[in-house]
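A quick write-up on the structure given underneath.
Per-chain numbering from 1; labels A, B, C, D and E assigned in written order.
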Amino acid sequence: MAHWAFLIPLVPAATYFVILLFGKRFGERCSYIGIGALGASWVMAAINAYQWIDRREIVRESVEWAQWGSGSIRVGTHVDGLATMMLVVVTSVSLLVHIYSLEYLRGDRRYTHYYAALSLFSASMLMLVIADNTLALLTSWELVGLCSFMLISHWWEDKDNSNAGLKAFITNRVGDVGLIVGIIILYFVAGKTFDIDTINSAALSGTIRHGTLLIAACCLLAAVCSKSGQVPLHIWLPDAMAGPTPVSALIHAATMVVAGVYMVARLYGVFFAGFSIGDGGMNLLALVGGVTMVIGASMAFVQNDIKRVLAYSTISQLGYMVAALGVGAWTGGVFHLFTHAFFKACLFLGAGSLSHACHHTFDMREMGGLRKKMPTTFLTFTIGTLALAGVPPLAGFWSKDEILNGARANDFPIIMVLGFVAAIMTAAYMGRALYLIFFGEYRGHAHPHESPKVMMVPVTILAGLAVVVGLLNAPFADYRFGQWVKFEVEVENLYGAEGAVAEGEAAAAAEGEHAAEGAAAAAEGEHAAEGEAGAEGEAAAEAEGEHAAEGEHVIVHSIAEIKELAPGETVLFEPEEHKFNIGVAGSSVAIGLVGLLIATWIYLLRKAPKNLLLVNPFRALHTLLVQKYYLDKLAVDGIAKGTAGPVADGSYWVNQKIIDGAVNGVGVTTKKYLAPFAYEQLDQFVVDGLYNGLGETTKGLGGAFRKLQNGRIQRYGLWLFFAVAILALVVALLA
Amino acid sequence: MNWFDDWGITLTVFIPIVGAIIVLLIPKGEEETIKGVALLTSLVTLGFAIGLMAEFDYDDTAKLQFDVNTSWIDVINSRYHVAIDGISLPLVLLSALIIVLCIVYSWNHFPEPHNPKALLALMLVLETGMIGTFVAQDLILFFIFFEVVLLPMYFMIGVWGGKNREYASIKFFLFTLFGSALMLLSFLAVYFSSKDPLTGQHTFDIVTLSTAGVLDVSKTAAVVMFGGMFLGFGIKVPMFPFHTWLPDAHTEAPTVGSVILAAVLLKLGTYGFIRVALPILPEGAQEWAPYIGLLAVIGIIYGALNCLAQKDVKRLIAFSSVAHMGFVMLGIATLTSAGINAAVFGMVAHGLITGLLFFIAGSMQERYHTREMSRLGGLLISAPKMGWILGFTAMASLGLPGLAGFWGEFPAILAAYEPLSVLSEETFRTYMVIAAVGTVLAAAYLLVMYQRVAMGEVPEEFKDEHIHDVHGPEWIAWAPMLILILALGVFPKLLFGITDDAVKHVTDGIATALNATSK
Amino acid sequence: MGPENVVFAVIAAAMVFSAIRVVTTRNIVHAALYLVIVLAGIAAQYILLASEFLAWVQVLIYIGAVLVLFLFGIMLTKAPMRGDNDLDNDQRWPAAVASLFLAGVLGTILIDGYGDVEIAEPEKIVRTGDLGRSIFHDWVIPFEVVSMLLLGALIGAIVIARRD
Amino acid sequence: MVLNQFLLLSLFLFCTGVYGALVRRNGVLVLMSIELMLNAANLNLVAFSAFYKTEISGQVFALFVIAIAAAEVGVGLAIVLLLYRNLSSADLDRADSMKG
Amino acid sequence: MLSVGIPAPDIDYHALAPEIVVAGTILLILLVDLIFGDRARAHASRIAAFGVLGALIPVLTLGADGGDVSMFNGTFVVDNFALVMKAFFLIVTYLVILVSVDSMSESDVAEPEYYLMTLTALLGMMVMGSSRDLITIFVALETISIPTYLLAGWKKHEHKSNEAMLKYFVFGVLSSAVMLYGMSLVYGATGSTLLSVIAEGPRTDLGQDLGTVMNVGIFLTLVGFAFKVSAVPFHFWTPDTYEGAPTPVTAFLSVASKAGGMVAIFSLIYVGFYGRTDAWQPIIWVMAALSMTVGNMIATKQTNIVRMLAYSSIAQAGFMLVPFAVAPEDGLNSYQSAFSATVIYMLIYGAMNIGAFATLMAIARRTRSGEISSFAGLFSYAPTLAMMMSIFLMSLAGVPIFAGWFAKFVMFQATIDGGTGMAYALGIVAAVNSVIAFFYYGNVIRLMFFREPTVEDRSPIRVPTALGAAIALCAITTVAVGIYPELFARLGERTPF
């Protein structure tokens, strides 16, 4: 199947054109075309997954796409574990969303367009995950953005919706600048290629100057920020909730927004080497992720719109993934991507179901007590919430735990702390949402009822998946996921080697030395690597053994290790994996539960004093610090509320006013002042004026000359003789 | 097909003008005949262009094919030398196609004052000029064709234009004329500095002049000569400080005028750089490249900012041309084959995309009788198909990958990362980043335009009006462009495959002349 | 200073005076009469320069014909015969400046160019026959053309001047 | 005799003629001034002709000039007459309807 | 008769045939008029036209013969240049006659005499083409001038026509006085009136440096011709005369008479003064630059079409002078491109300018006005005339594919060939001016095409056959030469002395 992987996106792509061109003829039946196409893709993805697990053979296919000068630009597919995993996730969620939308969107004005866009999105997203080069990645990256724009502004009659779409697209474009620049830099430094494997390999092999690599990585990070909602470019994501809810589930929770994370995972060599992830300490990638997860989570507290709560939650969870990759926990990050897709989609679709029941409102203040009226929704939503909060053995627990453990093991304490903070907040705000919606009295005016089966079946399936998928990488499952999906790239050590672009004179000077050293260190390094790998535990040793048999390459985990090798030697690079740690797991569970308890305390039991928000936040913070280990309910209540109030409000304010405001401000300034200035002042006046001025001057001079022509012949004669006399003098002087 | 080798290009170039004369001879009353003859002429021309395409030897696109070289003005050693290579071919096809589409488009709604005879004749004359420019291999012949397009366009704007047409047409004419005068001076300077190795005389032959050693000039002289050409071509492109004629011309021109202007006329300038200025004066090019690059990126940003300030759809599209041609010029300024390939691709893509945008803007104006974005809205409701086409084209215009526009922009930006080795990398990398930022602004103005025009509710004033969706002639005119935009976007090799060798020939020449390592 | 120089000086003085009067006198008929003196003076200078034939032509044509023509013109246009203050226009000063300027420039050049080279005594007087031979050998074309010109000018002047 | 005495006399006549032609309003007077200028040129020619012994083309030239000057005067007077008839004045500055 | 023993000069009557035919035609017209009086009024134009065409025949046979003929001690030479110029004058005069026929027969002017004057001027021009001697040049110039003075006032009942004649006459006579004075100085410096002797430079046997005298003499001589070609600052008569004179006469003045002056400049400079570059080149440089600039600038302000064309012709004269101003000093052959540039420019200018005036006359038959504003909307009721006018104006502006581009082209070519800083500077002045020129040419076109007509009568304009033929001839020439410049280029190439 992997050889035919291009069919997987091609089927929905064809569907897009079919629906677009003949949609009117099919009417509502076009949805079945879409579902059929996705079904086919899903089947192919499943077959592919099976084959991958079976053979684990990376398959690449490509054709020439463009050419210029000496370079031939190829495009093709690249199917490995990561791609396989993504194919499964995307086709699964997309298929379920397609089905769900049958009912949810029934009777919509642009039903056919909706399905067409959904098909196009699926196609683009599938293409994105199997792209073998950065250019194809960029293409599909932009295409998913376009689909996102189309679907967010699906109900474009309302200006707010189209504004949201615009905001999404333009914000993403800002990030795309980074992507474009990053890709271009990588194209050149990796030896004029867009091929991802080559780029990864080149990045790790030491042929590229570190500074350049850092710039490239930073550029790509900007794209990650925009696409995957990282601070400070996350602002579009909450607004994107203006689109239909299934779209939010598919695009803005499960798939498109993780494209950034996927890209980091895909080009991990670049990030790993560029941000020196293996060296520990702190790096920008981890920092961005860490900050995002806390800020995202904190803002989720103050939302009344259920979809916005989920949106901030998504931001926060994406922050986890990015942070995971930033700390070197590659598998953790990718695994979290995997699990998150299911439970977050489940939550969104649940939210859709709620709104379907409650007169298309998403306002939690108009809900409450829906537990009895919508039991399936309640059940699935609860599973999703618990999975998100990291309650074992649900999916979120395993993946989040792995991230925190990775941060610990790779020596990123700050990230770990931030992770815990975010975890507690996550549990708390999800608890809050759960209680506000399903418990207490119903506060709305509609007559809520359970949604039809067409909607609830997908939700239930997702809930079921949210329960089980986490087990794939559980210790008792032999960390299967980690074996199936891993980052590995063949690297030739060129640090200090002849012909390496590395560093001009310095490198040249050191060359001889290095060569000698390298040769001596060759055997040693090999052994060391092996030894270390062996010490890592059975699973790793096993994996290595396999590889050693296959590719006969030594496996290394860090650049330092590569550098120790002899120049020219080829190794297999893999980020180091850290497996289950009971301490971290326990803490995270505890923290999750604490969060839930806080929420329970406040929202379910309604024990919190009403004026708690008025408490001076500094005093609250002080109290929190001083009475750190107090398990006093009131104190906890106070701290929780205090944190949830002003800090979240503050960060929301920052979000809305400063960051959003800055962007809007830049936008408004550009539009209101800069652009008119450029247009009215510069273009119309200065530039135009200059040219018109030339014309006027000509005419003005013409007028002056005309005065000489006063109509009297003797005056003409006078000019004649003046001219004669003067010119005669000139001639005489020249002679 | 021996006769075709000899006559193919000549017929393609001159059939339109014969058609124009026939059109002029038909009495004014017989409108159907006039239209028929004009359409037939343009179709035959397109047929010949396609014949050229079919007979073209794609294995050697750098070679000049269908070469015809006979005497013309012996006094100044100027010859009738026409031929096409991989750079010319796409542009010839584009020109022939656009004219057919324009004639079809205007079939039933000629702009006021109603005078199909004159308008069609002008369009056919334009066609001769455009195709002629793309095939000429002699500087004087090139110059003549380059100038032939001037008059018809001037009249087109001036007679059939909007309110401010006189100002616009004069401005267009004067700018271009001024540029041509200086360009001609440069051509002459080149002529007098040249020596044809075969005849020992001065020569105007572009091919000969592009050969190393034919031109004997000091670096300073080369820089000055290039400056003249720069002005001539740069005004036509138009590059940043010389662009002010463009918005006026576009805004005032009738729809087909805008389309032809955007689709083909602007390319004459960029084509001139690639065909004439760079190969003949590589040393001049080297000195000018950073400044061309600078003006190009200023154009990108400046054009985009101005777009944001526009209230008028057509004017917005016009300013977007400034930005897009900035990308083309940036590609050219890198002097690399990636950059120039991108430029040629950008020329074709911009021709199709912006041409289509102008078509749509024209159709909208015809229906709404206004181009004020604040008064428009809900196109997707009133005329959904047109709304979709507009959306598609806007996306293509903002450089969405998978559509043609991308392949003009991205490789240009890419090429700026690593310009020819004799150029400053730092400078061009800065340009690269600025140009990339330009893409954000492009998205902004196009989407804002789309939002204003196509989305939202239908404004009160048009609520009760019947807005006709895309009709027959419009479909016929637009469908080929839509298909090409998509096809070129998905299979860029269709075009890159043709241009690459020819461009490489040019860049290799430049690199050799400058002792640079060709990249 | 030989006798011819004395003659020259006397005639020249008369010519200079008369010329100035021609352009300054307030009586138009006087101007014509002063012009006679100048033209006659020129004829005299011709003789000094040993060009008798030319001198006679000068007298015959200028004094005999042209001047009569002028007088006719004066009468036909009913020009005021007596002093007329309004005979000059308002650009006397600029005109004076222009002509003096010109005189200055050209005079300097002439003095500079020819210094005080002498006109030597003629070895042989230029005879009318020589002139005729010269005209009919070298300048037949101008001669014939002048005849056509005079014919044309005559007819043209009649057409313009006649009343109809 | 010094050549320059004739030349300077001629120059004087010429410049006087210039002055007159520029200042005199009456057409006939302007024609007279022009005659001064032409005669000045003639004097030059004859002087040079006498100066270069073997050269008589100067005198021939002068003859032609005299003939043509006569024609010019004839034409000029015709013009002045016509002007007088149409404008009732022989003043040149009356004719200034076209300017600019 | 031969008592004084004048040896009969060698006369090649074949070489003189064109002039003889023209002179004969003049006499024939006179005779016919004398004998038949008013009955033959209408035939004068035909006789003139046939005479002119008849004179063209020997020009062509002479051209076919090849070989230069030099007569009368070198004062009169018939070479390629002379033949080309004579043919040009003949054709231009023929066109002017065509243009004049209807306009003259419809007004109350003296018709046979009109042609007589025209042919007399033509005779002067033809002689000018062959003159290689100051006396002949002077006589030829006056033969051009005096009849044209009279022609300018031919509509003698019109004040403007009188005024045109007066100004032309006064200015012309003043200039020729200056010229004559200059010639006397040149003669004084070199001791000869023969250009071939003058070319040897000032006499050195006097122990005096006559260089300055000669240079000033050269300059003063050129003034007379600068007046003829209406180069600034000797152009003042031009607008007034052009405006007031009958339009066919204006056409004649603007092309034939101007070309006559230009031909004289050719002979003088390239045969006589070539070695004295420092005398004439700076002056011509200044005149060229001034003419282009001043002519164009004032033209932009004109409201009368003829006046505008007058200023345009001043500017065009500037363009024609450019090659002189930049002709390189080294060697005799290197002025080739400068020389042929002006010849070509002149030929092309003739076609397009006569065309413009002819079209103007055709249009004025309807509008009865010389105001530019009266051209408004012409395209809507007289599309062909509007197109013709546009062709000529565009050509004057130098827009390809009309002949004017090639004229401008060779002019620019000459500046670059000149290769000096001053040459380039003048080239830039010319370039800027060719853009400015479009302001006013374009303005007329704009009015014709883009405006609503202001006249009431919008029926198509009937164009008399002769006039139409002239317009057509000019238009065909303008377009044909524009597309295939070789037609004229060859003439320019073959002409140098």
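Everything that follows uses one rule, which is that a contact is a pair of C-beta atoms (placed from the backbone, for glycine too) under 8 Å apart; a residue touches a chain by one contact, two chains touch by 3 or more.
Because the structure is a prediction, the values reported are computed rather than measured.
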Report summary line: Between subunit A and subunit D, the fewest touch steps amount to 1
Query raised in the report: If every chain is reduced to the average of its C-alpha atoms, which one ends up farthest from subunit B?
Result: C
Query - Chain centroid nearest the full-protein CA centroid - result: B
Requested in this report: Report the chain whose mean Cα position is at the greatest distance from that of subunit D.
Outcome: A
Query raised in the report: Higher C-beta contact count, A-B or A-E?
Result: A-B
**Report entry** Distance from subunit C to subunit A - Cα centre to Cα centre, in angstrom
**Finding:** 103
Report summary line: Distance in whole angstrom between the CA centres of subunit B and subunit E is 42
**Report entry** Separation of subunit C from subunit E, taking each centre as the mean of its C-alpha atoms, in whole Å
**Finding:** 31
Report task. Express in whole angstrom the distance between the two chain centres, defined as the mean CA positions of subunit B and subunit C. Result -> 70
Report task. List, in ascending order, every residue of subunit E touching at least 2 other chains. Result -> 135, 138-139, 142, 146, 150, 153, 156, 165-167, 170, 174, 178, 188, 212, 216, 239-240, 301, 439
Query raised in the report: Using the touch rule from the top of the page, what residues of subunit D touch 2 or more other chains?
Result: 7, 14, 17-18, 21-23, 25, 27, 30, 42, 47, 51, 57, 60, 64, 68, 71-72, 75, 78-79, 82, 92-93, 95-100
**Report entry** Those chain pairs that satisfy the touch definition
**Finding:** A-B, A-C, A-D, A-E, B-E, C-D, C-E, D-E
Query raised in the report: In their complex, what parts of subunit A are in touch with subunit B?
Result: 64-71, 135, 138-143, 146, 149, 153, 156-157, 159, 162-163, 165-166, 169-170, 173-174, 176-177, 180-181, 184-185, 187-188, 667, 670-671, 674-676, 678-680, 682-683, 687-688, 691
Query - Residue ranges of subunit D in contact with subunit C within the complex - result: 1-9, 11-20, 22-29, 31-33, 35-36, 39, 42-43, 46-47, 49-51, 53, 56-57, 59-60, 62-64, 66-75, 77-82, 84-85, 90, 93
**Report entry** Contact footprint of subunit A on subunit B as seen in their complex
**Finding:** 171, 175, 241, 244, 247, 302, 305-310, 336-338, 341-342, 378, 380-381, 395, 400-402, 406-407, 410-411, 413-414, 417-418, 432-433, 436-437, 439-440, 443-444, 447-448, 451, 454-457, 491-493, 496-497, 500, 503-504, 507, 518-519
Query raised in the report: For subunit D, which residues are in contact with subunit E within the complex?
Result: 7, 14, 17, 21, 27, 30, 34, 37-38, 40-42, 44-45, 47-48, 51-52, 55, 57-58, 60-61, 64-65, 68, 71-72, 75-76, 78-79, 82-83, 86-87, 92, 95-100
Report summary line: As the complex stands, subunit C meets subunit D at residues 2, 4-5, 8, 12, 15-16, 19-20, 22-23, 28, 31-32, 35, 38-39, 42, 45-46, 48-51, 53-54, 57-58, 61-62, 65-66, 69-70, 72-74, 76-79, 86-89, 91-92, 94-96, 98-100, 102-103, 106-107, 110-111, 114-120, 122-123, 126, 130-131, 134-135, 138-139, 142, 146, 149-150, 153-154, 156-158, 160-161, 163
